[in-house]
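This report concerns only the one structure given below.
Note that the chains take the letters A, B, C and D in the order they are written out, and that residue 1 is the start of every chain.
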Amino acid sequence: MSSPSPASAPSPILEYVLTFVCEDRPGIVHAVTGAIIEVGGNITESRQFESGSTHRFYMRLQLTTSASTEEITTALAPVVENFGIEHHLDVVGRPVRTLILGSKATHCVNDLLFQVEAGHLPIEVPLILANHPTLEPLSTFHGIGFEHHQTRGDGAKEAFEDRVRQVIDEYDIELVVLARYMQILSPELCAELAGRCINIHHSFLPGFKGANPYRQAHARGVKQIGATAHFVTSDLDEGPIIEQDVIRVDHTRSPQELMAIGQDAEVRTLRQAVTWFAQSRVLLDGTRTIIFR
Amino acid sequence: MSSPSPASAPSPILEYVLTFVCEDRPGIVHAVTGAIIEVGGNITESRQFESGSTHRFYMRLQLTTSASTEEITTALAPVVENFGIEHHLDVVGRPVRTLILGSKATHCVNDLLFQVEAGHLPIEVPLILANHPTLEPLSTFHGIGFEHHQTRGDGAKEAFEDRVRQVIDEYDIELVVLARYMQILSPELCAELAGRCINIHHSFLPGFKGANPYRQAHARGVKQIGATAHFVTSDLDEGPIIEQDVIRVDHTRSPQELMAIGQDAEVRTLRQAVTWFAQSRVLLDGTRTIIFR
Amino acid sequence: MSSPSPASAPSPILEYVLTFVCEDRPGIVHAVTGAIIEVGGNITESRQFESGSTHRFYMRLQLTTSASTEEITTALAPVVENFGIEHHLDVVGRPVRTLILGSKATHCVNDLLFQVEAGHLPIEVPLILANHPTLEPLSTFHGIGFEHHQTRGDGAKEAFEDRVRQVIDEYDIELVVLARYMQILSPELCAELAGRCINIHHSFLPGFKGANPYRQAHARGVKQIGATAHFVTSDLDEGPIIEQDVIRVDHTRSPQELMAIGQDAEVRTLRQAVTWFAQSRVLLDGTRTIIFR
Amino acid sequence: MSSPSPASAPSPILEYVLTFVCEDRPGIVHAVTGAIIEVGGNITESRQFESGSTHRFYMRLQLTTSASTEEITTALAPVVENFGIEHHLDVVGRPVRTLILGSKATHCVNDLLFQVEAGHLPIEVPLILANHPTLEPLSTFHGIGFEHHQTRGDGAKEAFEDRVRQVIDEYDIELVVLARYMQILSPELCAELAGRCINIHHSFLPGFKGANPYRQAHARGVKQIGATAHFVTSDLDEGPIIEQDVIRVDHTRSPQELMAIGQDAEVRTLRQAVTWFAQSRVLLDGTRTIIFR
């Protein structure tokens, strides 16, 4: 039996978030909550889901305890072993180390950095990489490093992606956000970043895949335009959807106005997806996502 | 010059709706409002739109006057001639003669008939034609004629479409509503009904065209499901969109539940499209619609 | 220890919903899931909430098992005793016995009965009581008993409320729905029906309490109108809110049109509240509700 | 007859917006469009409304012409005289000179300034006045003047309001925006700024007037929280509503989280109200607004 908090001074009570996934079978919740009792934990929030498509069991818990991450992990070890659980344990509110890739558009980056400063978005952004210099003043204003790299020309894209890998290593990046980066990542980088790279697509997927979705939306005369935040996969615009939102429009809107209106949908959709990811609320279930709001 | 209301007893004041379209050039509104002044009309509502795609001018007016339809038409004649105007003049609130084609699903028909009875939807439905008997009790409850016809088998579809044509003739039908009719109309009938046949598609077009959209939506893990009301053309699911709406869903929903939830979007979307059509608020601008809300 | 399913023929596997509330303390989930393991149960869905206002712990579980209600109850008994739990156990999808009180308006009743028939709303309605005869044809069409009673005049309201009590007894009613009943229940009846009587109020509470909310909304020039479904308490329009929804409007709408538009918000809001109640998703936390969607 | 564009070099074609209001009587539109024809104008957009409450007629037109503002005004003069019209003529897209009053909160100001820079919001902001220094870095980043003034203490509020009046004079300010200014303006200043001072209130008025609306909303357990942009009047929180929006919430949200979520509603609602004002789309009709979207 583990004996948490052996020090003479009482350990502070922390709130942890635990997510896990395993093959579905009876007794999982009982076993996991047993381990939590061992470390004196009190569950404050929980959601679970049993996937009909993949027959896997997903759970997200928040718990308060004075035990440390190591003590909780030790208590969970036999359960993890027994049920073949993949799990992730973190302190609630710990900022997730995030790399932003951008281009010319500023709206998504402006919002993300503003939300971080306002204390609404638990990420920290050490660096922004972009293939245009536009984002530099905004980065500087928020005290964030900025690098501009060419992605055109022989080997430029490969060099850029190598710099991305370096940054991920150096800063121990947990999440890459394509904030209207507008470039296609190589299949290799897509594979390396599976499940931890979020893109914002400026349409309500699967409608209007590909380039110029606002022009397509105008030509088709749609009555709502939307945005989709999804995990990046090598299959363009087909990655698992995390969040979608729409805004009503009418026949009077030009393609340019649709774009301006749509940016608001992009901002809200990307912010929501990044927030949920940073709160460990997004789990992958094959080609779909589970969102434990 | 016309001299309206010459009778000794004063004519009642009626509210008319006038829609018109012509090539865009200066002076149209002044000319039309001049004709309205001639018949003592007072404009109570107006919207106009100059299409950037087709360079045509669209307008919808409501006016009150004691003049008759004939008197207004006479006063408008020189303007219509001069500007090459196509126009439509009607009394506000006159029920639009509507034929409903249905199948097994009852939700859209139930709502349309309920809205008619509640006085919220200015249509009258003399008859419902369906390829299943399911809608009969509902039709009977609302005092509406019902006919069940087979559409399978040699010549059955052609016979059904001939019956549709007969009914349109006999009842002077102005609008045909495919209330989840689930059959493809022949290209000939689509052409005959151009601009006066509304279909409800159970997805947020152009996403998930074709059959089983809720199953497709589930497989793709979308976060909102929607419905689209559009004019029917021979190009399946590609007709001009009149209205679209969405409802938020999450990963817990099965395809069956998505369908149940989506029916609410279908009901609202179709009701809205039919209401706008019946109020002469829907004008065709090439492959797009203008909605003068 | 209970020994479920001792019969030679295997019992069918059923899905149950279990909700419970108790004072918050560690170990509750572990203890309850232990009892569920005893009866061979597999948890398929769960939500929990620890209320900051009342310091109580709320949980809703769905589980599949071949054990009977009695066997589950027996297994839970020591936990219930130990933690001072109030709980409710039911079979998922069992129709909740519901009494509808109505008046002249038909829109909410039409929708509820339609949803029941479509299989989307797990309630059964043996009887409708109303203070106007308007709802009789609709009740008859759906094969539901209908009684019209006066509520004006000496003792009429008391007699009506006594009939309500009788019906609740006779049909073992679990939920009373005021589907635009438009009468104030006596404080005594409100108290008797605490937590099982849902009203639909035609405004976005707490805005526009009292009578004629659409007229108030028009005078105030609001840009969205809404509806609120809440539990009935003797404190008029102040009961715990279950669901709220809004619809966008503009300056062109008359009070009559606001009413017509608002009816759509009422229909959706009441339907949602009744659905959640019937699925045991609504728990009371003092003056607020917890909705385990 | 006016003779527009007499110069040898052709004048450029400009787009103007014309709004006007007068007592409702027949012939207004015909007379105004006649004046527009005189200056070679082509109407590109129009909306009108006849108020049932005040029996006044409101119209907004956009027109293209090579005539100057003076030429258009001259052509309109007889019509203005004849119908007793109050009107406003402007060039479409001309930035409206706007003074922002702020306090500690940065979210609304950040969004407004970002939208201006992105070219989506046709205002120019020469100066921000605030009773806290918090907004200074943001103002500086956007190259906008900033002044911090105390509003507490003897005569401080009067001095601040005098500075507001000075700035309005000096910069010929057309719109004052209270971007979470959190102070009550004196009745005198309210009167002086009637119809050109917009406040964002952090609730869905008329619900939760007064202080701490998010705390009130939490206590009441509402299911949607909202924001209201309205013209400032001396009757606190009762000024004519310009725009309202809501966001869905649930029982898990603390008052602090409701506030964070609500800020998004505030941002969108204020941005929309300011945009419409700057586009001359907001007209006052007694205690209500007409929004010509």
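We adopt the following convention: a residue touches a chain if its C-beta (ideal position, glycine included) is under 8 Å from a C-beta of that chain, and two chains touch if they have at least 3 such contacts.
No experiment lies behind these values; they were computed from the predicted model shown.
Peer 1: If you tally contacting C-beta pairs, which comes out ahead, B-C or A-B? Let me know.
Peer 2: Ranking A-B and B-C by C-beta contacts puts A-B first.
Peer 1: If every chain is reduced to the average of its C-alpha atoms, which one ends up farthest from chain B?
Peer 2: Relative to chain B, the chain with the farthest C-alpha centre is A.
Peer 1: On a C-alpha centroid basis, what's the spacing between chain A and chain B, in Å?
Peer 2: Averaging C-alpha atoms per chain gives centres 43 Å apart.
Peer 1: Nearest whole angstrom, what separates the Cα centre of chain B from the Cα centre of chain C?
Peer 2: Measuring from centre to centre gives 37 Å for this pair.
Peer 1: Which residues does chain C have that touch at least 2 chains other than itself?
Peer 2: 45, 49, 252
Peer 1: Which part of chain C faces chain A closely enough to touch in the complex?
Peer 2: On the chain C side, the touching residues are 24-27, 29-30, 33-34, 36-37, 40-50.
Peer 1: Which chain A residues qualify as touching chain B in the complex?
Peer 2: On the chain A side, the touching residues are 49, 52, 204-208, 219-224, 226, 240-246, 250-252, 254, 285, 287-291, 293.
Peer 1: So in the complex, the part of chain D that touches chain A is made up of which residues?
Peer 2: Residue list for chain D touching chain A: 45, 106-107, 110, 114, 118, 120, 137, 141, 252, 260, 263-264, 268.
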